[in-house]
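Reviewing the structure listed below.
Here the chain labels run A, B, C and D in written order, and each chain numbers its own residues starting at 1.
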Amino acid sequence: MYNRILIANRGEIALRIIRTCKELGIETVAIFSEADRGASWLDLVTEKYCVGGPRSADSYLKIDQIISAAEIGNVEAVHPGYGFLAENSHFNEVCRDCNIDFIGPSPEAMHKLGDKNTARGMARASKVPVVPGSDGLIETEADAVRVANEIGYPVLIKATAGGGGKGMRVAGNDLALKSALQQATTEAAAAFGNASVYLEKYIEHPRHVEVQVLADQHGSVVHLWERDCSTQRRHQKLIEESPGPTLSKTVRKSICDAAVRMIQNAKYHNAGTVEFIVDRENNFYFIEVNARIQVEHPVSEMVTGIDLVEQQIRVASGEKLAFRQKDIRCEGVAIECRINAEDATRNFMPCPGRIESICIPGGMGVRFDTHVHAGYDVPPYYDSMIGKLIVHRPTRAEAIATMIRALEELRIKGIPTTAEFQIKVLQHKDFVEGKVDTKWVERTRL
Amino acid sequence: MYNRILIANRGEIALRIIRTCKELGIETVAIFSEADRGASWLDLVTEKYCVGGPRSADSYLKIDQIISAAEIGNVEAVHPGYGFLAENSHFNEVCRDCNIDFIGPSPEAMHKLGDKNTARGMARASKVPVVPGSDGLIETEADAVRVANEIGYPVLIKATAGGGGKGMRVAGNDLALKSALQQATTEAAAAFGNASVYLEKYIEHPRHVEVQVLADQHGSVVHLWERDCSTQRRHQKLIEESPGPTLSKTVRKSICDAAVRMIQNAKYHNAGTVEFIVDRENNFYFIEVNARIQVEHPVSEMVTGIDLVEQQIRVASGEKLAFRQKDIRCEGVAIECRINAEDATRNFMPCPGRIESICIPGGMGVRFDTHVHAGYDVPPYYDSMIGKLIVHRPTRAEAIATMIRALEELRIKGIPTTAEFQIKVLQHKDFVEGKVDTKWVERTRL
Amino acid sequence: MPSEKPEGVRTSDVDVFDIQRVRQLVELMKEHELSEIDLRQEDRRIRVRSGPGNAFLAAPVMTPAAVAAPGHPAHAASGESIAPPHDENVTLIKSPMVGTFYSGPKPGEPPYVKVGDNVQADTIICIIEAMKMFNEIPAGVAGKIVGTVARNEEPVDVGRPLFRILAD
Amino acid sequence: MPSEKPEGVRTSDVDVFDIQRVRQLVELMKEHELSEIDLRQEDRRIRVRSGPGNAFLAAPVMTPAAVAAPGHPAHAASGESIAPPHDENVTLIKSPMVGTFYSGPKPGEPPYVKVGDNVQADTIICIIEAMKMFNEIPAGVAGKIVGTVARNEEPVDVGRPLFRILAD
């Protein structure tokens, strides 16, 4: 086990890691930017070093400065948290070169899974379903029609050079496909100077379901069940829960098993998340692997009772997992709301500023992970998340009721937050009935 | 189920009750004193009425004002919380006369158990051991010696009119008893103008163990296991935990069964606590019944997963308990620290005043129930408790580690609190080894 | 000469109570978030401390809106009581208890007092019903009723303003 | 004459109520993250404290003691940098990186610079070792070294004061 680790992050997740380290008796070395000088979580560490200016590029992304801090801080390992350098395989490698353990997967595994195509290939090899499509580019119209009929309509036409929806078209039948193909290639050529497109099955109203996996360096891999993160806006998650409210027992087992298979074949260790989209018929398709601890990890901690950050540290230090799959329970229902300093009424515009006052929710089944307090200035340089409100109750109905009253208790003066918006979502019939998909927020007027 | 209840209390417990009511969709009517006007928990209620001046006697104890508020507030029931009128059987009766449910036992049961001698008698009748002693007064020296040899030395001589230790003596043998009897009677006569004394077995280094009981109005009684509250100063509890760290499986069962027997025979319903002292040989003796919800109820909530305030409301409204004894689990270990605005270095002198700033602990397994926040003025009129820090972890060692780090996270500026003192206790070998008795704090230098 | 030093007056001439000076100091504190400035010289001293910035309690407390509870019109109206009296001698007669306010002895009957009436300290000005008891409330002070605050049959609590009176 | 003024004057002439001086002190505090300046002489005293109303952020932040982390002597010593410069032109040379500070080229060898030395902007004044690299640090400004802050072989981080220099 480690005596001393460096936390290469800030805010909520830095505090989260400090908490577990204190409980394990591990000394902590913090890095901080000029903007975070004197931040309250820094009071709790053993040592701290300023690594540069307020902008991430000048501090939390400055690999050389962070490594220097790790060296003069004399740490045995680095915990990257999420964001910043968490999935930077170069940083991961530099740590290894300096004989500092990176609390996460090996650089190789991280690199492999970081590349979407390699990951997609590994999924196939692990018999994990991926969204069916034309393996490769579409050469001719006939080609497109053949593939479309293989994978079944509706299909999505995507430009290889694509991005931002440009050169994207949905087609429901052969006829529509032909004209859509026409438009897509033209648009792609115009937009990216590259007309090549490929086909993919179009999944309507997909839900976002991800499986939390934990693997040690001795070949043991387990899952901590799934999280449903369908309540999102532009791929930014707003509410997460576990277990997934819509999965049948059998689907649930097979999606979790699929995730474990994939992680096993990737020779991946430490904590990781395998993300899927699930269609209305509960068919699931692999999207990507997140090779880090995730923001929403607490919902899995609540239902399993397992401290994920503790496990990350233990397996990174070479320990074997102390439990088997059958020991991992999934009890009750946990929901998390990300509290962001954003104005939901103005398209979720980030609103940094001073928190004049804050009333923090408490009571039975409530956990609020935050680094903020009355008098704290939310800096404009970083993520707008100021806290994570998590509830854990025996049933989903109780969990929703507890979350709503906790959100009502959370009274913040000085800056707007997403709390009111989340109350509206939680009170909505669609959410209560588990009918929210990843596009729901954008299409629903609350 | 009720639509609307009045909360005849303030601060932490008022907020605690409001939380459960909101989750159950029950409207709340608050009463408050001039000193609490505008307090933050009052923002969360449906209606609120000022019932008088800052001093408890002028407001929170003013039965007529509170009943008036209940009537114009048009509530169906009153929750008294703890302290103030919680165990006032007259208030209980007035509520009934006004057709307002009192969320607690019947006035009769409350009255019976409120009288120590009646309660002691009921315990005997229920075959629940009480501290052996002379049933009645000691007439002669010979009388004393006989009784002492029956119940066994050491014995405690107590003045019937006694109080504050006056007229109290401990004797270890016949000789000591005779002289002690002499002194005690003289002292009692001088102090209370009443020389009569009685004998009781003296329990050395007792632990305080209490059993949480829950009874509906249909004859069903269950226990929610025990709490060990031995860490106290002058009968004021500082740290409570469940399960009791020193009880054998069999003792545990028999003490819980004893409590249930007693409550059954008392025709008691709603939540209640049966208090015992336990000697070093794990013999337990009944002390008294607390006919109310207790400050330390959350530790039982954590290990059982049962919301006690919700159950109080349900059974008061006539519902049957939805679970049986065998359904009530006791999982992991829960510890509570009462955070008081007191200066532990100055004999726990209460220190009301303004909370300039506060950092509230969070993270896995941590619950902090508080009504305070930065800018809150702790009024000098009421209890000095400003919050309850509760942790719930799989093992006692983990629970202690989590509690220590949470206490370290709790940084309050403006007033002193007991947190630092509690850290010292939790780190002490005796506490870790479960060797703390009710006199430990007074005799231990930390 | 003293005049050469801009602020350089001899100390004996320094006016510690010069508002301009204090204002400048306060601006300085505001600008730099100081909690205290403490200047002493001989028998003179200027000490400025920044007050508790946290308006948290104040905010919900002070505004009538916050005091007003849903479905409880009484407090809503109590904005009234906040209006400054137009005369030093105008004071508020406040409710001594929780209950229902009645302006007159019986439904339909005229109120005990109306604006303009002169009352003695023992003049009954209203009834507050609590626990089926009809409590006759005396003015408590002699003078002229200059305003009514509470409305007939509305619930009132302790300290709730009932009337405005111009004391003799 | 102006040259006589700011701090150079005889105490008897000092007017502690000079807003300009207080402002200078405050700017000084900002520059050096002080939490308090307390100047006394004879019967005179100027005391300035920093820290927002909500002190607990400020307190740990501003006071060097709090900034200093256990087992991290660097900051502890930075109390040094608190001493107000005796001249407007005295500035701090701060560390541009995280690493170990070496005053001289090799162990045992004399330091690159000592108090009283005149340096050019490109004069090497110390080495900071980071990731096995020995980075030679230039003064960055021409002038006379009037104070050393960092100690040989101590860890430093970004913005950590190394020397005080009287710029030409």
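Note that contacts are C-beta pairs under 8 Å (C-beta built on N, C-alpha and C of every residue); 3 or more make two chains touch, one makes a residue touch a chain.
Every value quoted in this text rests on a predicted model; they were computed, and no experiment measured them.
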| item | value |
| --- | --- |
| Common touching chains of chain C and chain A | B, D |
| Furthest chain, CA centroid comparison against chain D | B |
| Gap in Å, rounded to a whole number, between the CA centres of chain B and chain A | 44 |
| Whole-Å gap separating chain B and chain C, where each centre is the average of the chain's CA atoms | 40 |
| Euclidean distance of C-alpha centroids - chain B vs chain D, Å | 57 |
| Multi-chain contact residues (two or more partners), chain A | 40, 43, 357, 373-375 |
| Sites on chain C at which at least two other chains make contact | 52-56 |
| Partner chain D, residues of chain C touching it in the complex | 5-9, 11, 14, 16, 21, 24-25, 28, 32-42, 44, 46, 50-54 |
| Residues of chain D defined as touching chain A within the complex | 52-54, 56-58, 60-62, 66-67, 69-72, 97-100, 130-131, 155, 157-160 |
| Chain D to chain C touching residues, read off their complex | 13, 15-20, 22-23, 26, 29-30, 43-55, 58 |
| Of chain B, residues touching chain A in the complex | 15-16, 19-20, 22-25, 40, 43-44, 298, 301, 305, 307, 332, 357-360, 362-364, 366-370, 373-375, 394, 398, 401-402, 404-405, 408-409, 411 |
| Residues of chain A defined as touching chain D within the complex | 34, 37-40, 42-43, 45-53, 64-65, 67-69, 71-73, 98, 373-376 |
